[in-house]
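As written, the chains take the letters A, B, C and D, and residue 1 is the first residue of each chain.
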Amino acid sequence: MKVIRDPVHGYIELDQLVLSLIDTPQMQRLRRIQQLGLSNLVYPGANHTRFEHSLGVMHLATTLTSQLNSIEKDEKDEIRAAALLHDVGHGPLSHVTESIIKQYTRQRHEDVKPILKKGEIAEILDEHGLDPVTIADHIKGETSLGKIVNSEIDVDRMDYLVRDAHYTGVAFGLVDHARLIHEMQFYEDNLVVGLGGLKAAESLLVSRFLMHPSVYYHHVSRIAETMFTRAVQDLINKKTLDPFKLRQMEDARLFEMIRADDGYAGELGKRLDERRLYKRALHVGIDVVGENVLRYRGKVDRVENEIAEMVGIDSSEILIDIPKRPEIAEMKALIKVDGKMLRLDEASNIVATIENAHQDNWRMGVYTIKEHRETVRKAAQEFFDTKKGTKQFRLTDL
Amino acid sequence: MKVIRDPVHGYIELDQLVLSLIDTPQMQRLRRIQQLGLSNLVYPGANHTRFEHSLGVMHLATTLTSQLNSIEKDEKDEIRAAALLHDVGHGPLSHVTESIIKQYTRQRHEDVKPILKKGEIAEILDEHGLDPVTIADHIKGETSLGKIVNSEIDVDRMDYLVRDAHYTGVAFGLVDHARLIHEMQFYEDNLVVGLGGLKAAESLLVSRFLMHPSVYYHHVSRIAETMFTRAVQDLINKKTLDPFKLRQMEDARLFEMIRADDGYAGELGKRLDERRLYKRALHVGIDVVGENVLRYRGKVDRVENEIAEMVGIDSSEILIDIPKRPEIAEMKALIKVDGKMLRLDEASNIVATIENAHQDNWRMGVYTIKEHRETVRKAAQEFFDTKKGTKQFRLTDL
Amino acid sequence: MKVIRDPVHGYIELDQLVLSLIDTPQMQRLRRIQQLGLSNLVYPGANHTRFEHSLGVMHLATTLTSQLNSIEKDEKDEIRAAALLHDVGHGPLSHVTESIIKQYTRQRHEDVKPILKKGEIAEILDEHGLDPVTIADHIKGETSLGKIVNSEIDVDRMDYLVRDAHYTGVAFGLVDHARLIHEMQFYEDNLVVGLGGLKAAESLLVSRFLMHPSVYYHHVSRIAETMFTRAVQDLINKKTLDPFKLRQMEDARLFEMIRADDGYAGELGKRLDERRLYKRALHVGIDVVGENVLRYRGKVDRVENEIAEMVGIDSSEILIDIPKRPEIAEMKALIKVDGKMLRLDEASNIVATIENAHQDNWRMGVYTIKEHRETVRKAAQEFFDTKKGTKQFRLTDL
Amino acid sequence: MKVIRDPVHGYIELDQLVLSLIDTPQMQRLRRIQQLGLSNLVYPGANHTRFEHSLGVMHLATTLTSQLNSIEKDEKDEIRAAALLHDVGHGPLSHVTESIIKQYTRQRHEDVKPILKKGEIAEILDEHGLDPVTIADHIKGETSLGKIVNSEIDVDRMDYLVRDAHYTGVAFGLVDHARLIHEMQFYEDNLVVGLGGLKAAESLLVSRFLMHPSVYYHHVSRIAETMFTRAVQDLINKKTLDPFKLRQMEDARLFEMIRADDGYAGELGKRLDERRLYKRALHVGIDVVGENVLRYRGKVDRVENEIAEMVGIDSSEILIDIPKRPEIAEMKALIKVDGKMLRLDEASNIVATIENAHQDNWRMGVYTIKEHRETVRKAAQEFFDTKKGTKQFRLTDL
């Protein structure tokens, strides 16, 4: 049994199974994938990686399963392997490249069956009597046990909320995961939280609610990440980059390809390196632009073209970012009260309250280079006003 | 006045001078230089960068100068600029490439005059009425004021000891820098610590003493860093890499060049990527190998050749690492007692004690690939025994 | 300038004014007044005192005033003195004895004019050219400057929220007071928070919202504190204790008087010492008992008598606790946006949301000794049902 | 299984055995015994109690025994009970009253057999099949298993070093107890630390070495505690206080008795309440006063008389404090290396080094009231010089 030092959990114990899996190239690669994409442009301390996060998730899964008497030894190993391997499907900069990878390969980061079924990982799992397909199913949360690593209230989010708070330095690291894990159990094939864990489950929600605007959707990271994905798209369009290889790449390699480009991608890369980012021309909530704006998701290039034409600039100088409506999956977590299972938002008034407030965290952004900020804002306002049929944009929405 | 969140110091305030300097490519480059080289192979959390460290040093310099009434406003700006810019001369992976850069260019990382005198940095300094040459002198610690950023007890080491502890997660982050800074003043052109800061100055020593073997000279990072420098040397020998360009490069670019190589460098790079490191064949203290061994510093290739010949393997499969004798510069810091200045090791028994104990932290290493571990150890033992004239190597020294 | 170590703020600097005030018997007495009353029965670590809290408040006031250029040096001293002295009016166990003291003396803990106007404190203030009456007005928040120590968003609550979290060990210590203070200023005689401090102001709200049910209104402390106040009341009724002397007493003295009693008070004291507390017979929210229940505040003895009669036990074996409706004063704090002042709950959706959710934190309690728990619950349910006219009490409300 | 929140260890689990023992008056009494005596006069946050410390020790003992497969379930319960109960023999203000209690009753705080053998504790132990005498032996460290709670490297000191650091706020809380416990095992009836725990064991030493002068032997607490014990002695001499009842008392009761006195004790009590402490007239190390001074331990009243006579004041105005030579028991802890057991100071150069340096932490003190400081210093210097035969006292020794 070896141990490794972790700033979040103290010591993490590594047994032979874990040690072998860690030493595979697939796991070592995660050392070179930043956990929070380009958030380090906002929080200089946020340079942590998927590797340490994976160790943390494995650690919490071990803690949780060790208290569940109903689970067999080999099932515990399955879950620990699933926890450790759950992020091997991530591309460069984690979630930043996820939508591009999905667009071309139809695979999300949780789809790891092809990765687990071959090479060293498959061999190691086999040596320990573990089945790659079962583990891949756990990782997708498609089994009962898999809910430990992938569900509304899994150990994945317990680790990343606390870890992201530690490295960004924000003061919201208030997830009481020790208590939460202590209260978790299986009940009728569901992973449920006992009543004694209600406050701790609420703390998970509150933490996400506060981290969302401050960290996960901070407009500066959104701008940088939008710029980055456009650069990647440009390389793919030019056939410089094979989108099917993207998923095995690392942050540095992809960045080097972008820097090596002498066109649009290269220019965006240089801007990112020197932190000369696009600026907000418009950054507004759903109350301003109306629900209809969500229809443009996936078609922002057309909107960019139209606004660019209105202003008379090149459409590459406008970036539009329309995120999904925010949701807090945790509110569907199950709480066991008096032998009955309630959804967290049924059991807790706080949670139901936050559910509504969280919608106000949504923002759509129109970004452009500094020089065109004023003209693009006016054009964008006009465009969205027309679409919405009202005239309620305010200057303070910037 | 903008603020930025820092996990170590809380908020750091950035005024216009600092904001402008931060936005130069030279400072932005530090975002992509790891503070602790390859220590993240031992401590997965140690991914912090020279950029955030530079902000931290600037923050502490600001705190210190703000309490010194004898210093003028423009001198304060000089020192703050010096603190912020003190690491722009670092090459990839910080200290890891330092000796190679010095070997070819004769420049150490503190030699930043050429960098400050041209381009955007020079312009910004000029706009604020600051002289690049003076600032470069401060950074080298060659002025009285410069001792704030470069001396036996400067704000540089106050920041990095605490910061390195935060990210590695070791429990030794015990530098009481708030107290230390509170007690610092200039006295007869020397930066001195008042008697009330004696305990805090001792804490700096103790911290370094404990961090040295656990973090800074951990054998696994030493092995990885030795492998890395050999790979860089190989690229230079093959003319693939121009050593004069090394200093402006970033971690990722240099790693990519190593990976792209199809010879020795590439092989070492692949080993580093997959964490298949060389292992310790011998790892012993000065009491075992004798003082004479220090004569081999700078000539380890000859020793490697000789031992390789004894074993009958290629000399590239042996790496020898002979560090400098450890020294704790802090013990020369000046303490002001009853109007007299004493050296810290004169004023404090603890410090004098640690000075001796610290010598025991020195280790030399002979590293090789797993398969040759036994044979290389025997040969290396024989080699160093002969040189030393005794037979006292023990198996437990491994 | 001396410094003192504080677990929450690191070092706190003490100048001559503060040192002199600290050395008065009135301030030294606060060393022996627990900050959180009897919360240490729930959180064994919660033994901190009003003394260290007062130092913390003074520290934050110093930080805040030092950045406000519009305030004169002597006004800064006034505020610092006010911050340090703001709690000298607290009786034993802080808020626990507050309502009894108010009932007999008409004085709340903020009414400190009589204390400041005489003895050593008056002398020291006079020596430093400070007026006790002005300082007493600041402490009551009745001046513009006084808002720093007593208003919707004062340094008092910034200190105690973080301090209480540190000592109880709950994970909710998320007040970003460094940022908040950095953004505070006076505007048209109001203490306002700049837009950059909005998130930090929200964090204050969220912290209170989470601390309320977990710490400040935890049912076990409420039970213990209700028992304690009944014991004090019993001593007063028996003329053993002069209520006008209560305010100058310390925790230990009052406890010793209770222990020395051989009647009801003594029995309650023994129960508290041995932690044999009354138990919840009913512990329900406003949705269950209806708004009308608030009319019984101040007349709970009648309700206790009635229920005791229904059950056929002595009314001393029933304790009823009907707290005030919870309010979050902070939501009235002023935020300065584009030159206009908005209330925090107008500027922030989160705050408006929490305002509603916070009402659900209210609970009324009917407590009794273990043996009568079931019978008292039934009687109390019947009593309150009749009063409310409905039958919706559930067993799970216990 | 209930849990309780602890600021140091997070959550502590309490099973039925522990819950029952906690609810005894003997354990509840520890809520009212300060862990660090009068250190809160130096560190205002140091108000923690023996109660929370006892829970912490029980928690660490549970963690340690749970990984030792060689120990039976009932032995684990024995050790957990011993850990929880190990401090029930402490008198008011913990170690402050220890020597007086020992002088009259011949009992040290570890002698708890009489307390465990009667009343509720005996009943509860009996119910759980545990023998009070065995547990008392464990607490004295007289059994093999007992070394877990009382030996050179026991869980008692692991808890208090970290806990005392947390509440005083000093930065030296560097005991890596998680790692240390992970490496502990029984070997030939000895509790030993595996080689992997060497660094962690060293950290325990370093922590104590740093805590000793800053916290445990800070001259201000020593002065206050010397004053307090003289007051207690005065009450005993006057027959106001029965020394045989002292051990069952609590801090507050004893303080109230002192305050109620109208002679010397009462005067000292008033000084303590108002923090008008005696001052250092002489505070010097063994290098100054010579080893002979240790002979006066236990006879300081004679020395006080003699010096008082020299000065011409009442001997009650002089207090002399001659502590034992400091020792670091931890250095005798056993480290298991290659199947052999070494003492920690044999296995670690750092430890051997600290052993020597630690002697310099010793100080003897001559204290008096402010007015007599100069004259008492001169007389005390003369007295000790004569006894030592040299003239080397320096003014700076003050």
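By our rule, a contact is a pair of C-beta atoms (placed from the backbone, for glycine too) under 8 Å apart; a residue touches a chain by one contact, two chains touch by 3 or more.
Keep in mind the model is a prediction, meaning the values are calculated, not measured.
Where the centre means the average of the CA atoms, what chain is farthest from chain A?
Farthest from chain A by mean C-alpha position: D.
When contacts are scored as defined above, which chain pair ends up with more C-beta pairs, A-C or A-D?
Higher C-beta contact count between the two pairs: A-C.
Could you put a whole-Å number on the gap between the CA centroids of chain A and chain C?
Distance between chain centres: 41 Å.
Measuring centre to centre with CA averages, how many angstrom lie between chain C and chain D?
34
Taking the mean of the CA coordinates per chain, how far is chain A from chain D in Å?
About 50 Å, centre to centre.
Specify, in ascending order, the residues of chain B that touch 2 or more different other chains.
Each of 10 in chain B touches at least two other chains.
Applying the document's contact rule, which stretches of chain A touch chain C when the two form their complex?
Interface residues on chain A, with respect to chain C: 171-176, 199, 203, 206, 209-210, 213-214, 337-338, 349-350, 353-354, 356-357, 360, 396.
How about chain A: which of its residues touch chain D in the complex?
Within the complex, chain A touches chain D at residues 3, 10-11, 13, 178-179, 182, 196.
In their shared complex, at which residues does chain D touch chain C?
Residue positions touching the partner: 4-8, 10, 23, 25, 28-29, 31-32, 40, 43-45, 47-49, 51-52, 55, 166-170, 251-253, 255-256, 273-276.
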